Each structure stands twice: as C-alpha cells, then as structure tokens.
Amino acid sequence: MKYTIMVNEGPYQHQSSDTALQFARAALEKGHEIFRVFFYHDGVNNGTRLAVPPKDDRMLQKEWSELAEKHGLDLVICIAAAQRRGLMDASEAKRQGLNADNIAAGFRISGLGQLIEGGIESDRTIVFGD
Amino acid sequence: MAMLHIVNKSPFERNTLKSCLGHALAGDSVLLIEDAVIGAVSGSSVVAELQQAINGNSISIYALGPDLTARGVKLERVLEGIQVVDYAGFVDLTVANEKTQSWL
Amino acid sequence: MAKKFMYLNRKAPYGTVYALESLEVVLIAAAFEQEVSLAFLDDGVYQIAKGQNPKAVGMKNFSPTYNALGDYGITKLYVERESLAERGLSEEDLMPIVYEDEDDDYAEKPSVQVISRAEMAQIMAEQDVTFSF
Amino acid sequence: MAMLHIVNKSPFERNTLKSCLGHALAGDSVLLIEDAVIGAVSGSSVVAELQQAINGNSISIYALGPDLTARGVKLERVLEGIQVVDYAGFVDLTVANEKTQSWL
Amino acid sequence: MAKKFMYLNRKAPYGTVYALESLEVVLIAAAFEQEVSLAFLDDGVYQIAKGQNPKAVGMKNFSPTYNALGDYGITKLYVERESLAERGLSEEDLMPIVYEDEDDDYAEKPSVQVISRAEMAQIMAEQDVTFSF
Amino acid sequence: MKYTIMVNEGPYQHQSSDTALQFARAALEKGHEIFRVFFYHDGVNNGTRLAVPPKDDRMLQKEWSELAEKHGLDLVICIAAAQRRGLMDASEAKRQGLNADNIAAGFRISGLGQLIEGGIESDRTIVFGD
C-alpha cells in the first residue's frame, strides 16, 4: 500500500504528531510505502530545528528528520501555513528579507498541490489532527 | 467499500464520536485513538451508544492499545465487543478498509 | 481516473483557522482534474453563514470566496439539515452560493444542497479521499 | 465575591459550557466569547440550559458582540436575557467581578 | 497576604500537553508562599489515574511527579466525584497520593479529596486566581 | 486595575491570541495597567519574528510587538515551553549551540515564576486558550 499522511498540529501540544510518527513507523515496518507526509496548519511547526526539549523527553522534530533520512521520506511543509507561523527555509527567508531560517533537515517547503497529489497518487490518505 | 472512521477526542469532551456514529454505515469500522480511548471504558456514560453501534448498526469498534495503556486503562476494563489493536493493527485496519475518514 | 475528494468542515469560522485554511486547499484542489465536494456539518455550517463580518475581531472576511467556487468548477456544497436545526438555523441563514451550468446554457444553479444526515452518510461513503480540518 | 466565567468553545462541539454552568453560583456571570457565542442563538438546542441558568440559578449570561457579528449572527437572533457586550464591556465585566475563571 | 491559587485540570493526559505543562507550573508555584490547590474534573481526573504507562506512545510517564507534590507542600488535590462516575471510574482508580503532616507528627495523610460537584463549585468560588490549561 | 494576561495558544490556529490582544487594547484604552502578558504552551509561538502572513491578513506577532512598544508592555515567553517548540532568543540559541534565533522585538524569555508573580501582583488574571 502507498500512503500519504497529513499532520495538522504542531509537536507536543497535541498528540497528532506522535500518532502520525508511530503510524508511519508501523506502516514502514510492514513493508508499506509512504509517498509523502504533508504538514499543514500548526503541523508546520514539526519542521523546526530550533527545539531543545528536556533531555528525558522525546524530540519529535528530530524523530521526523531521522525517519525521513532512514527511509527516504518526503516531508513537505505547506508554504502558506509556514509563512503565517514563522517556519522558514534559507531561500524563502532570503526572499522575504529575513535574517534567519529555522527549518530542520529532511523537511522541504512547498505548495498545497503536493497534498492533492498525495491524495491522487496514494492508495490511502490518513489525516492526524486536533 | 467499507470505511475506517478515526476518532481521537474524548466523547465526554467533544461531539466527534457522536457525530461519527451518526454517519458510520453497517460494515464500517471506528477506531478510537488518543484521548478517544477513554470512551471505551466499561461503565462509562457512552457505553450505550457504543453498544448500539456494535449490536444495532453492525459497526466494528476498535481502540488503540498503546493509548489505553498510557492513560492507565487496563485492557480488562475495555467494554466487551471493542477490539484492542496496536499501531500495526491500526495499519492493518487502513488496509482492510478501502478508505479512512478522520473526525477532527 | 478521477478520484472523489471530500473536504470535511465541522468547525465554526474565526474561532480557529481551519475554515480558512480548508478553503485555501479547496482553491488549489480545483486545478487538479478530480471530483471535489465540500461537506458542512456540525459547527461547520457556520462557515457559509450569511452576513459574516469579522472586522471587529481584527480578521479578514474570507466568506465571499465561497461565492467564487463555482468559477473554479466546484459546485457541490453539501450542508446537513440536522446540524442547522440543532443550532437554530435554516437554509435562509446560508449564503446563496450559485454556479453557472455550462451544460445548461450557463443557467444559474444553487451550489448549496441541504441534505439529511442519512444522505450525508451516503455521500461520505462514496468518497475516495476525505480531508478533515 | 462574584466570579466571571469565560467560555470560548461552541456548546455543540464541547462540554465546557455545560461544565461551567454546573459550577457557576448564583450572582456569577458567564461570558461567551469566540466560537461559544453560537450557543447564544435563539432556537438552538442549548437554549433551555441557558434559560435555566438565567431564570433558575440567577446567573447573568453575556455574549461578545464582535464574535457574534464575525459569525453572521444578527443581534436580534440572540436569546432574550443574554446581554451583548463589546471588548470594553468585557473589560468592565472583569472589573465588576472580583475574579475570572476560563473554561478551556 | 497569601493568595489562593487554583490549577484547573479538565483534560486527559498525553492527548495534549496541558496536563504535563500544568504540572510544571505547579512545581514552580510551590516556591512562592501562596495557597495552592489542584482541581481535577471532567477528563482531568485521568491525570492522576493509577497505572499510567505511555511508553508505547513514545512519551514520558510524568504521573509519579504527583506523588512528590506533598514534599513541595502541595497537599490539596480535589477530584470531582461526578466526573469519575461519568467515566466509569471510582476513587480506587486514582493514585494514592499522600503527604506527611508536619503539624501532626508527620502522619501520612491523603492529598486526594474526592468531592461533589457542588463542593467543587464552592472551592472554586473561594479562589483568588485560577489558572486553566 | 492591574492585569496579568496568559495566552496558551499560538497565532492563527486558535483565536485566543486575537482575543487576548483585543482585550489588552480595550483594557489599556480604559486606563487600566497590564502588569504582564505571559505566553505559555503553544502561546510561545506568538513571539516569532519569522512570520510573513498574506498582505491582506493581520500579523499577530507584529501587533503584539507594536502594542508592547507603545505601552511598555512586558511580554514574557516561558522558557521551558519555548525550548520544546523552537522559540529562541540570541543568548539561549548560543547557549544551546544553535545557529539561529527567531524571537521578535518586545518579547523576552523567562521562567514560569513570572506567571506566578503576575498572579500575585495583579488584581485580575485572565487566561486565553483553546
């Protein structure tokens, strides 16, 4: 099976990012393919590299980055949602005249068309949110 | 063409489980995840609704085990007729049902 | 083969961003050759309520955009009757969203269809992909 | 020692208004803001609860006008007995009541 | 003069961060010379449920920290009986949180008091500041 | 009257930041004092300077900065909540070995004691959240 996963909430505040991550791991372990993980709404905040959670807690942003590296996942952050909330990659920050960016390794910023494409190309589309 | 409905909020706090059960069709499945699992505890005020869905409307109800355990709910406290699955079982449910709908 | 995409709207506008950002997806979705429908149930019925004016709460009124959906070929807006009734609303409280039917000499037709919960359940069952917000 | 209770979620979606009304005391005030204002529309299914609070339990109910207007609710549709205030009126309510409690 | 601070907990743990971050405030609050109490009602009663184990959801079990509250001088944890009953729970499902009463030869006493909704309403009315999460 | 305002949610996703801002403005217009605005949970995300919302929409992060400058408001972001979510000032970023920070003008990062102090020092404490 080919999956697209949509994550609508940021890390920690709601469990949706955790559940999506556990679901993705379980699907990969069963040999399924993850076509794309699309981060929308506050979900874009999963893609920051500036988080430093307590040592005894999980670091969700990093877990996504590591899962992406291990399995070649496509982690896409919605550009419109990211701009509202202050999630920037280097080229977009430069274009906007901002002096810093905060995107984590393994994430890329792109448009909402990537979500629709995920829905078209995948056998299953699963939404995790509040 | 069965559907897997996913409910993630407590039925004591929100109307999502009620709305979901009002739209699920015979043969569909409903999976309770995250805070929604506390609705699966026997003796709670939503038991009658869940039993009606299972026995009256032929809907299968599942609850995510890791979320039950997180909240201290022992599996023997889960309402009879509700099946407990882990994340692998969650994936299997998305394979067995042709589509999913999340009630957010 | 085109897939059936449903956009499921269950939340009131302005209290959260979901209504606005759902609409942003719908506008993009129109560019893909798929069958698109929007479902408004529970508090989501308020997303297409008449007379919205969020100026005093400091927000933008995005509700006129629903009127433009017909131009994007999005003509199926399903509203649940039971959800309206529970909230003391009726069809007259909704915006009169219409589209021009190019297969019928561009006759103006209503995009909004108020249907029963049972009909909504059937329409949901026909979808391939449902995006929830 | 009256309290201003603040409720910000739709009573059709969440249990906060019900929980708030279950704990408010005679002489307290309840202010509906954000999505909670849609509970103030006459003819809705929560009207009886609000009327019981106002007439039965001597609780004053207010709704934030800017949030009503945002959602297209005309002021003449607001249930009789509920008073509509603006942000300045919201501030005045926090002065008139010695403390506030938000029902999140 | 010391003020009465109440920490109002109405949400289940793990599904959202509020329970954990509420507890983090309470631990800091203990350092100030104020009267502190915690209220658990609605789904909040699950925050002090026995036997929590979130390992399989990938989270940290922070519930043992409630047992340490007595050492911080926080000894008033009010739980609403009606909220327990609605969820099929009873007092036996809660952690047996205790404190040592220094005014009574360090006798071990229960911190958790299961009270009625009407009693909870009275306690709420006595507070000066209520933090909600 | 002296107020402390607590904001529990980030900008846009929930209305709580908007409502808190409108309440703060109305209180100031009436001549009241705002002792402190404390941003907790996802509320810390109100303090980013990297947001670029659409031109026809409000920019909440900037509105807070401007209100703070005009009225000398004390906008405090909880450090523990900020570290979980990736909101950093220059000194904290340096201490954590991060190569960027994202805090906006007018905000400062501090501890939860600032919230308790607000509750003690103020006549009224108002919480805005989800």
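Labels for the chains are A, B, C, D, E and F, by order of writing; each one numbers its residues from 1.
Rule of thumb we're sticking to: a residue touches a chain if its C-beta (ideal position, glycine included) is under 8 Å from a C-beta of that chain, and two chains touch if they have at least 3 such contacts.
Keep in mind it's a predicted model, so treat the numbers as computed, not measured.
Considering every other chain in turn, the ones in contact with both chain A and chain B prove to be C, E. Common neighbours of chain B and chain C, by the contact definition above: A, D.
Although chain A and chain F share one sequence, what matters here is the overlap of their interface residues, and that overlap exceeds half of the numbers used.
With centres computed as the average of Cα coordinates, no chain lies farther from chain B than F. For this pair, chain A with chain F, the centres built from the Cα atoms lie 25 Å apart.
Between chain D and chain E the centroid-to-centroid distance comes to 27 Å (mean Cα coordinates, whole Å). In this assembly, the C-alpha centroid of chain B lies 38 Å from the C-alpha centroid of chain F.
Between chain C and chain F, the centres computed from C-alpha atoms are 34 Å apart. For chain C, the set of residues that touch two or more other chains comprises 10, 14-17, 42, 57, 59, 128-130, 132-133. Chain contacts: chain F has residues 8, 12-13, 15, 19, 22, 41, 57, 80, 84, 125, 127, 129 touching two or more partner chains. Shared interface positions of chain B, defined as residues touching 2 or more other chains, are 8-9, 12-13, 15, 34-35, 66, 86, 99-100, 102, 104.
Shown are all chain pairs that touch, namely A-B, A-C, A-E, A-F, B-C, B-D, B-E, C-D, C-F, D-E, D-F, E-F. On chain F, the positions that touch chain A within their shared complex are 10-13, 41-42, 45, 48-54, 57, 61, 80, 83-88, 93, 96, 98, 100-102.
On chain B, the positions that touch chain A within their shared complex are 6, 8-9, 33-35, 66, 86-88, 90-92, 94-95, 99-100, 102, 104. Chain D contributes residues 1, 3, 15-16, 19, 22-25, 99-104 to its touches with chain E in the complex. Chain contact summary for the complex, chain E toward chain A: residues 14-17, 57-60.
Taken in their complex, chain A has these residues touching chain B: 1, 3, 8, 15-16, 19, 22-23, 25-27, 29-30, 32, 124-130.
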